[in-house]
Amino acid sequence: MKQLLIRRLIQSIPTLIGASILVFLVFTLAPGDFVTQMSADANMTQERLDEIRALHGLDQPLYKQYLTWMGNLLTGNFGESVLHRQPVTSVINTFMWNSFLIAIIVLVLQWIIASIVGIMAALRQYSIYDSAVTLIVFMAMSFPSFFLGLLMLKFFAVDYQIFPLGGMRSTGSTLTGWADFWDVMKHLALPVIVLTLLNIGSLTRYFRTNMLEVIRQDYVRTARAKGLKERVVIFKHALRNALLPLITLFALEIPGLFSGAIITERIFNWPGIGRVVLDGIFQRDYPLLMGFTMLLVVLTIVANILADLMYGVADPRVRNR
Amino acid sequence: MSHNIADVQVELKAKKIKPDSPWRSAFRRLFKNKMALAGMIVLTLMFLFSFIGPYFSSHLDAKISVRNANLPPNETHWLGTDKLGRDVLLRTMEAGRVSLLVGIVAASIIVLVGGTLGAIAGYYGRFVDSVIMRLADILYAIPTLPILVALGAILSDLKFPPDKRIYLVMFIVGMIAWMSLSRLVRSQVLSLKEQEFMLANEVLGLRDRRKIFRHLLPNTVPIIIVAATLGVANSILLESTLSFLGLGVVPPTPSWGQMISAANNMIDFQNRPWLWVPPGVCILLTVVSINFIGDGLRDAFDPKQKR
Amino acid sequence: MSSTLVEFRNLKTYFYTEAGVVQAVNDVSFSIRAGETVCIVGESGCGKSITAMSLMRLIASPPGKIVGGEILFEGRDLLKIKESEMRMIRGNEIAMIFQEPMTSLNPVLTVGDQIMEPLIEHTLLSKSEARKKAIQLIEQVGIPRADQIIDSYPHELSGGMRQRIMIAISLSCDPKLLIADEPTTALDVTIQAQILDLLRQLKKDRNMSLMLITHDLGVVAEMADYVVVMYAGKVIEEGPVKEIFKNPRHPYTKGLLLAKPVIGQRKERLFTIPGQVPNPIGLGENCHYSDRCEHAMDICRASQPALQKDGADSKVACWLYEGEGAK
Amino acid sequence: MSDVILEVKDLKKYFPIRSGVFQRTIGHVKAVDQISFTMKRGETLGLVGESGCGKSTAGRTIIRLYDKTEGHVLYNGRDIHQLPPKELRKLRPKMQYVFQDPFSSLNPRVKVGEAIGEAVVDHGLCSKAEIREKVLEVLNICGLAPYHYDRYPHEFSGGQRQRIGIARALILQPDFIVLDEPVSALDVSIQAQIINLLSDLQQQQNLTYLFISHDLSVVEHICSSVAVMYLGSIVEMASRDELFKNPLHPYTKALLSAVPIPDPTITRERIFLKGDIPSPANPPQGCKFHTRCPVAADRCRTEVPVYREVGPEHHVACHLV
């Protein structure tokens, strides 16, 4: 197990470096940067612009810029966000947790519903319930995220006013304690429903196919031949094996918790990191974007390693190798 | 020496049945799959709607007239008109052409890049394999949406003319999503190489060319077809998301996603749903039907894996 | 003559596939006496495993279904009793082991856990008593260091050892009948000899009936008291083992015996049964062996011979013997 | 041309075992551990042994499907492991291989006629025009009908597919064919058909067979001489009658006694080997069989027995013989 961890860590170093180079290139080779944004402002003279560029080291050769940028990254200094005039890390810190709040609720809801619906569909294959689930799953997987958001907003917020039109709290609210809590809950209801519906499709299908695969195995037939109750055969023998590959899937959800939902946050005007990153893109706030993307890259790599480790712990065949 | 009474009888019965190639038996299974069939019908309708529809519309050459802007659906304009007085139904049809085209071209990029790299990695292995797979890991590690949106923004900075821009959007969408196909193809090639018929080809002394194109490729094509089909669906979704944010297809070229961005303005969103709901429904129907066909194809090619 | 433990009466188990209805088991009747080893022998696709699975009522439906006949176990028709009652019999009075030891055990549960399960389900033993019994069982099936083996996982054991664990599981509740579906087909010949010897030993010690399913005539000769030969879903001949080998009646049984090379009795050329097993879908009303049989007569191609008594304790379903059936 | 068609001298095939962080090689699976024998034209040598004894690996290394670790394989005097690829390819038609699993040895997407004929055309041994005729001829010889030419593998039974595999090898007019468990996956009645077909072909075309199998009764019927393998080495080799009537090595005796005889009247004293087959990754010291040998002496635990000739064409590797 230790060897697996060390090997995976060593293997991920080239991936990390490669990703950082790619991210760096995408943003620095982009024609405009925040300085050109400033040049739109009349009283900016060309020398002044060059001065700012030099200040930020934008005039040095590419590889030097990359090295300084990476150097700062490693020391935790993600650079200055242009838009918010604060270090990128603090910008991320303030807004990320709003996204995290939604993401955690969605994760819990999604996994509970998908597991129940998916497993029931597998147990009752060829039934009407199964085809209904398949239909809904395909619809959920095919819905454009923004369209679902708009429809929900239109239906629930505009036409029937059950939920607020957007934002995280009622405008100008000074509520505290429980009242504030319920106010936020009311605001995040729609985004949560949308995101759950969007993600539930592929996860349900995954539960179903996995369960179908396991039910056909010989050891499930052996369990039945022992005269065990059907409940024991399904939940002790079949489910435990079906969950194995899903552990890796669970670990891969981790980056999603922090990355925020760019589209949904925009539609519901939810002050999460996704929304901030989208504005950052429109304002060409490259330091913020580069910092945030690199954070996600690291999170994805860590999640991948964690996925393998968790699989190793769960599956005895891998555990003691 | 080999024929005796029993064999002859078996032969007579067997002769009547036509040779049943794996391709034909696969498509027979596909057409038996109700959901896939429904998907095909809906998809064909969407293609007719987008590519043939405009010629039937009476507003084909209508000029922009502010006079009848923002009309709700009525008998002349079944889906109403937009703020420039253009017929929404016609716009949706023309937009469909772009969205479908982007989806198909992006998917073919995925197939070309992903397929070839996956095959090369799988067949030659060792050094080449690790380089390609390392590259795939890097792209996998980068979050799709943020990078896609950033690239979209950069596109606007590079000030490409709108009609050239579509091809770049296709390119970006394709280049972001080839990795999963390359991994699928690679593992398929690797598992095929272990199959005894590939060892037999080695013993028969077949040349590399024959082994790759007559034996490896035809057995990888089913996976590529399924992945390509699902690739079209995902590419349409990605393109429409980009266009919705105004970073994919930009006016005057219409695309479903771009039409839905009309909902960004509060008044249109709240009381002119005919502007953004129809294109949304079109995307949903198209993508659902493609997903059904893709799933149907997967079952048809590999019946062992029950749905 | 000991009493009859199990009696199959006109059992019919069909499978409804896209290509058509497969009559896997088509009107099968035979019985197993207490303390006797009955071997069901036949080539792949003859329905021998389906017969066993029907007895255990483990036919997956869809696509399979038991459409007719009775299976009497100590006089009770297993096809009529409720599922909960059947569950009490499975693993308790009738136990079963399968062909593939590598996949028949749950890979994520310890061997001990899987042995204790039927004990806890069917008997009143506590967990600790069940564990002690499990260790005893592991020793009885000839595995050394039982106390370590009990906590190990299936992937840590060899094929032979896993089959022994399967036998330990099946014997945990002292079943009256043990069904073994090709228990040694996937094992090497030296390991097969060990497992067959173990089965003989355990059957004798526990005076248990054994229903052994196999395609290997050598295993039949070594293990069986009574033999049932199946072909294309039907019983075509049955009889005591010496009678079947010394004086086989049905052309198919004769063909099988001549087609198998035997060590020490080398022949220049093997007898071959021409053609291949008929397609199970759309089997006609003829004798299914007629298109491969060298004695096939018109009547054989027209209708199916019934299974008739022929001699003290033997039966055969063949028009060649139809006339003398009365003997 | 001397009638010795094939000579195998001290052939070894080791597979590396890799582990640890940098996947260093920490040991070897000695699949084939120094085997030697010669074969005359028209002869059939049986390679017998239980799973893990390396018989298939030996077969594949002999015709250079796998590259050797050590040793020589002389075919008509030329060491095929030294041949450059182009030369080896030219020699391929002469040495053919029939595989065990009828279902995975044929490409499911290629018509049977083309699968049989493609190598002949690829080697330029006959033009595209005549190939159909040649294939129909070999189909007939192997007991298949002309209309089978355009059929696909999934339309055939196991027995018929083995006939196709044989036809595919036969059409290249080889001198030497390795038959890797050709009948193990078939039912008894079909097995007999294939065995008779193989013997007829051998007489008609003076073929030399290396017949790999775990089924001793089939080997006794079809082979002229037999080599018994255990954990990568040949423990005993003799002519068929000599080996079956006068087995010397304890393992051969145990093997012969373990085979069930389809005759209930025979009761013979059985030799039961203790324990399981050791893993080829770390075979026992000294004589590899000593852990299971009923007559093992101290010498056997430490000293590797010498493979020596003890009678006319009768070799054995055991201290006690």
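Per-chain residue numbering starts at 1, and chain names A, B, C and D are given in the order in which the chains are listed.
Here is the rule we go by: a residue touches a chain if its C-beta (ideal position, glycine included) is under 8 Å from a C-beta of that chain, and two chains touch if they have at least 3 such contacts.
As the structure is a prediction and not an experimental result, all values here were calculated from the model.
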Revision key, fill the gap. Going from chain B to chain D via touching chains takes a minimum number of steps equal to 1
Exercise for review: Average the C-alpha coordinates of each chain, average all protein C-alpha coordinates together, and give the chain whose average is closest to the overall one.
Suggested key: B
Review point. Looking at A-D and C-D, which pair shares more C-beta contacts?
Key: C-D
Revision key, fill the gap. Chain centres from averaged Cα atoms put chain A and chain C apart, in whole Å, by 54
Check your understanding: When the centre of a chain is set as the mean of its C-alpha atoms, what distance in Å lies between chain B and chain C?
Key -> 51
Review point. If you average the Cα atoms of chain C and of chain D to get two centres, how far apart are those centres in Å?
Key: 32
Practice item. Pull out every residue in chain C that's touching 2 or more other chains. Key: 274, 276
Practice item. Quick one: which residues in chain B touch 2 or more of the other chains? Key: 7
Practice item. Enumerate the residues of chain A that touch no fewer than two other chains. Key: none
Exercise for review: Under the touch definition given earlier, write down the residues of chain C that touch chain A in their complex.
Suggested key: 56, 58, 62, 87-92, 95-96, 98, 100, 103-109, 117-118, 121-122, 153, 155, 166, 169
Revision key, fill the gap. The residues of chain D that touch chain A in their complex are 19-23
Point to revise | Complex contacts: residues of chain B adjacent to chain D | key: 1-3, 7, 11, 14-15, 17, 19-23, 25, 195-197, 199-200, 202-207, 210, 214-215, 218-219
Revision key, fill the gap. Residue set of chain C touching chain D in the complex reads 43-44, 158, 160-161, 188-194, 196-197, 215-222, 224, 241-242, 245-246, 255-257, 259-264, 266-267, 269-274, 276-277
Review point. Taking the complex as given, what residues does chain D use to touch chain B?
Key: 60, 63, 65, 88-90, 92-93, 95-97, 99-101, 104-111, 118-119, 122-123, 140-145, 147, 150-152, 154-155, 165, 168, 172, 200
